[in-house]
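Below you'll find a set of structures to go through.
The same subunit A turns up in both complexes below, where it pairs with subunit B and then with subunit C.
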Partner chain A sequence: MSVAEKRPLAEASHVMAALQRIWQGARLNWATTTGAVIVLVAIGAAIFAPLIAPYDPIEIAIENKLLPPSAEFWLGTDHGGRDILSRVIWGARASLTVSLLAVVIGVTGGVLIGLFAAYHSGSWVEQIVMRAIDAIASIPLLIWAIAIIGIVGVDSVGIGPFTFTNVHKLLILIGLLYMPTLARITHAVAQVEMTSDYVKARRVQGAGNLAIMFGDVLPNCLSPLIVQATLLVAIGIVVEASVSFVGLGVQPPTPSWGSMLADARNYVFSGEWWLPVFPGAAISLTVIGFNLLGDGLRDVLDPRRSTGRLLT
Partner chain B sequence: MLRMLLNRLAFSILALLFVGLLLFVLTRGVPGSPARVALGLEATDTQIAQFEKDHGLDRPVVEQYIRWLGQLVLHGDFGRSFVTGRSMNALLTETLPITLELVLFAFAFAVAVALPIGVLSAVYEGTWIDHAARIFAVIGVSVPGFWLGLMLIRFPAVEFGWFPPGGFVPLSDGLVAHLQSIALPAFALGVYYIAILSRMTRSGLVETLGSEYVRTARALGLPRGRVLWYALKNALVPVVSVGAMSFGYMFGWALIVEYLFNIPGMSNALLTAVGQRDYFTMQAVVYVFTIVFIVSNLAADLLNRQLNPKLASAQP
Partner chain C sequence: MTALLLDVRDLRVSFPMANGMTEAVRGVSFSVAPGEAIGIVGESGSGKSVSALAVMRLVAQPGRITGGEILFEGRDLAALDEKAMRTVRGRHISMVFQDPLSSLNPAFTIGQQLVDTVRAHRPAATREAARDRAVEVLELVGITEAGRRLTSYPHEFSGGMRQRVMIALAIACEPKLLIADEPTTALDVTIQAQVVALLWQLREKLGLSVLFISHNLDLVAEICDRVYVMHTGNVVEHGDVEDIFLRPQHSYTRMLQNCIPRIEGVEPWSAAARSSTGEVAP
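Our next item is the complex of A and B:
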């Protein structure tokens, strides 16, 4: 049996080892476990919102307007008589759709760009790609997200056979602006891996470039990418909420935590405290969850790089 | 060193040119002429064409961009909005100082609180002080500033009346009232950076305090305070650079905080422009934000190289 045929097994054991490390690390650390539980609850709420939300999150029931929390409406109702609990549960869907898919887009693009640059290591191609990445990284995320949606408008845009709602636009935009960070990480790790002995050995074996980049180099870049991706989800949640708060994100009547806070802002003088408290608590808790999980994963997967954290 | 400086400077200028072009392409690429926005729906096609001709909007995008850039670089003139007819320079001189003041206050506040917390947390590593500081840091980076601001308006401002619930009182209306109006927004903006900077101070100082030279200094019998001072000088190197970068990022979040507190700064100008589909104003405001951001990143990079001799000799 040639060495090349053994590869899938070797890779599987690599992934298993990483999972085992995560598991062992998580058992030891209550903070990471708390983070993981919060993240699972939030994702569960997003997926099963139609099943667990006690009321319709959109239908107006004006007779129940602005009721304080009670046995009937656990977290109270808003100005349209809608149940806050149901809207908070549905809000998880909007929030996580944007933040998770944005990270998927960011990781996909970032990995491809980073690997491409690392593959051309030392040539002018690498220089151009990495300088372009630096230029995009010099764009402040939040301001540009607001400005671009302001320019394009919040209405759905049809391009060819596709229709982009504002949520799609927002998540693509955040994903694009994530790419530089992720490309830099991939590039930095991949560049080191490219010069390692095992990659040379694989070349001697006659493995193709694509096989080496995706089969050998990429799996070794995964640890820092997983850590960064988790922390970027946390940032995505806050960015989505902020953009929705100024009215340029998720559009009513779709429930989102940011737009619920925008509604709550109108009642800040009249004393309905439950309007701002619960959506904000939902954002904060979910973000704490992803941050704790990201920090915990970093301690387990990427201990040497545990310097600082991502700025937004 | 000089070569590195020039290199970084040249790159920052290139990045600014690129970003400016991107903004131009975006604002000019949207369907619907700015003339339509300016003249209203009743305007005839001839009027639109005339307006576009008068304002050079019928020229190719790149030509428009170069002309705009020329005005900006040669005369420091951001031009005039087609929609409101306002001079951008007037708008910016009115709004930029307010945003700048808010960010400076928040920044100073964040640094002043973060450093002592980080130092205490490192010196008393593993004690309840350290644990409390770390829990605060996790909460601080996670709670969105605008929600914190909303809660601050709800309770200390509206419920207890300690602060105005929003708006901006200029300095000319009295120092106390001015500071009161800016206190809550600066706090809401600063908390995230207290968390980040205190954690960086802590991890840097913990590492330095455990290093050989600190142990030697202690063994030689140097007083504790003096050793801490030496260690701190080295531990703060990464904090200074992240701090400088934070300054740029704070402008982004200031946008949301200003909106929340009804502060008539740059964000107000930007969001009003978004509402009016006034692309020209949006473009100018976003460009100024981006310049601030790029300059503070450049400063962070240079500071880092200055303070870190290992990096100073390395190629950028």
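Our next item is the complex of A and C:
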């Protein structure tokens, strides 16, 4: 029947409308603005790295080894004579690719699992799904990541026509590990929304289950999901840096903030402070940026704290 | 005798409990003729709402229809599959609920919700056509500047306005039967009168049949031709509204009547009482 077939379009427009509403309602305070600016700068650095990085981040120039910050090398050079600024800019790519794509995977999977469980609310299906998710979530993300990459290994894996480098493996893995958190949030919110009168009213109007789940319930779950997604990006940056730090993440010579810190470990006490400080600062600043943005969005989106422009 | 629009025969609805099934509706029969307004009155838990939801085949899980026929235009709804039932809901039979504050999706504008509902049942309709229809039904339910209000969110409307929007949503696809489940209970008395008057008008204008469910016998008397009185899952009395109201046979009906506070000296079923509540600017 036509009713079921035309829904996906309507659902897409529903989700867009909800995002638009959030955009319109976003009155940003200074903290949120700061966060947004930091995030935009980091994303800009990642996208335009080839254009803005002053030097090649990989090529070794041993004659420039361990130079302090100067007019020529703004943030100094590392033990291979490579410009730290260039490496920090290129490092944003690895960090943000992993953290942003992981969140995309996590949100997609988490939302589907959460809605699925909420749809089967009260049945054994819900119990199995949610308890499995609890089991996965009971082990910290970082331990999962290190354990699994440790088992699978850091080499590229070819599956059919696709080649998965370690970065790909890492981002898929982190994405999978985000799913429990996001599925739980979706499940909790969707369960409440599903008992609401407007869902009953939609049924009376002849809407099908899929249309109700994706067209009505999901848009009402978006606010907490967006906030959580922003905070998970920050966590992703730390996880990527940590895994790279122990040598299981981004492989040399590709620059990443975590592997730069790992390299800098040997110079912490020998006076070359610029080696650990700048990648560390990049991690901290970006994480703070995403956290500020997430907190700001929470203030705007939380119906109890906003002034009623959004959800009543 | 004209063909009945809705003919419910010996309807039974049960809910599984720890110790077997509990029947909430125990063999209830009622009928609605085209253009007729009938009322079902009864206290909470008398089975009136469950009966109405059963007609829509939307009895809350794990409850289910365990017997009887629901003949709508001669077709037994109780035997339809879910897919066919979806085209009946909204398109042929529509429903308005008690609480207009929560019956609209808070995330979307009134316009989006109306347009979606129209297009769900008329896939061929263009967005513009659906929008025009949305404006049309909003005007029909008495919302001024309907075109401008399309972009408003539910929380920007008052309770009475929201109930009007709910009614607009319900009649958007020109259903033949409107089930109103306590549509005025959550509203204050003046707004109640307006909503009742609106239902009355729509019935006249659109030839809509109305199944009005309430615990308030006075309200039912305002708009209904016939009344069924329900108690503990059974119809205990039914008949013309005047008969029920002026000459109640069953003790329970008399009890229902006595529980409504009266103003001294005004006979509730009188011209004076009707004109004091039944009129409203269109």
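Basically, the second predicted complex is superposed on the first by the 273 of 312 C-alpha atoms of A that agree within 3 Å, B and C clash if a C-alpha of one lies under 4 Å from a C-alpha of the other, contacts with A are read in each partner's own complex, and residues count from 1 in each chain.
The rule is short, and it goes like this: a contact is a pair of C-beta atoms (placed from the backbone, for glycine too) under 8 Å apart; a residue touches a chain by one contact, two chains touch by 3 or more.
From a predicted model like this one, the values you see are computed outputs, not experimental measurements.
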Exercise. Identify the partner contact of A:Arg203: answer first if only subunit B is touched, second if only subunit C is, both if each is, neither if none is.
Key: second
Exercise. Please name the chain, subunit B or subunit C, that touches the greater number of residues in subunit A.
Key: B
Exercise. Check whether A:Ile60 is in contact with subunit B, with subunit C, with both or with neither, and answer first, second, both or neither.
Key: neither
Practice problem: For A:Ala241, select first, second, both or neither according to whether it touches subunit B, subunit C, the two together, or no partner. | Solution: first
Exercise. Using the superposition on chain A described above, determine whether A:Gly280 touches subunit B (first), subunit C (second), both, or neither.
Key: first
Practice problem: For subunit A, give the residues common to its interface with subunit B and its interface with subunit C. | Solution: 308, 311-312
Practice problem: Could you pull out which subunit C residues touch subunit A in their complex? | Solution: 56, 58, 61, 83, 86-91, 94-95, 97, 99, 102-109, 112, 116-117, 119-121, 123, 153-155, 166, 169-170
Quiz prompt | subunit A to subunit C touching residues, read off their complex | solution = 1-6, 10, 14, 17-18, 21, 122, 196-198, 200-208, 211, 215-216, 219-220, 222, 308, 311-312
Self-check item: Contact set on subunit A toward subunit B in their complex
Solution: 31, 131, 134-135, 138-144, 146-148, 150-153, 234, 238, 241-242, 245-246, 248, 261, 264-265, 268-269, 273, 276-277, 280, 283-284, 287-288, 291-292, 295, 306-309, 311-312
Quiz item: Touching subunit A in the complex: which residues of subunit B?
Solution: 11-12, 14-15, 18-19, 23, 26-27, 30, 138-139, 141-144, 146-147, 150-151, 153-154, 158, 165, 196, 199-200, 203, 238, 242, 245-246, 248-249, 251-253, 255-256, 259-260, 270-271, 273-274, 277, 279, 282, 285-286, 289-290, 293-294, 297
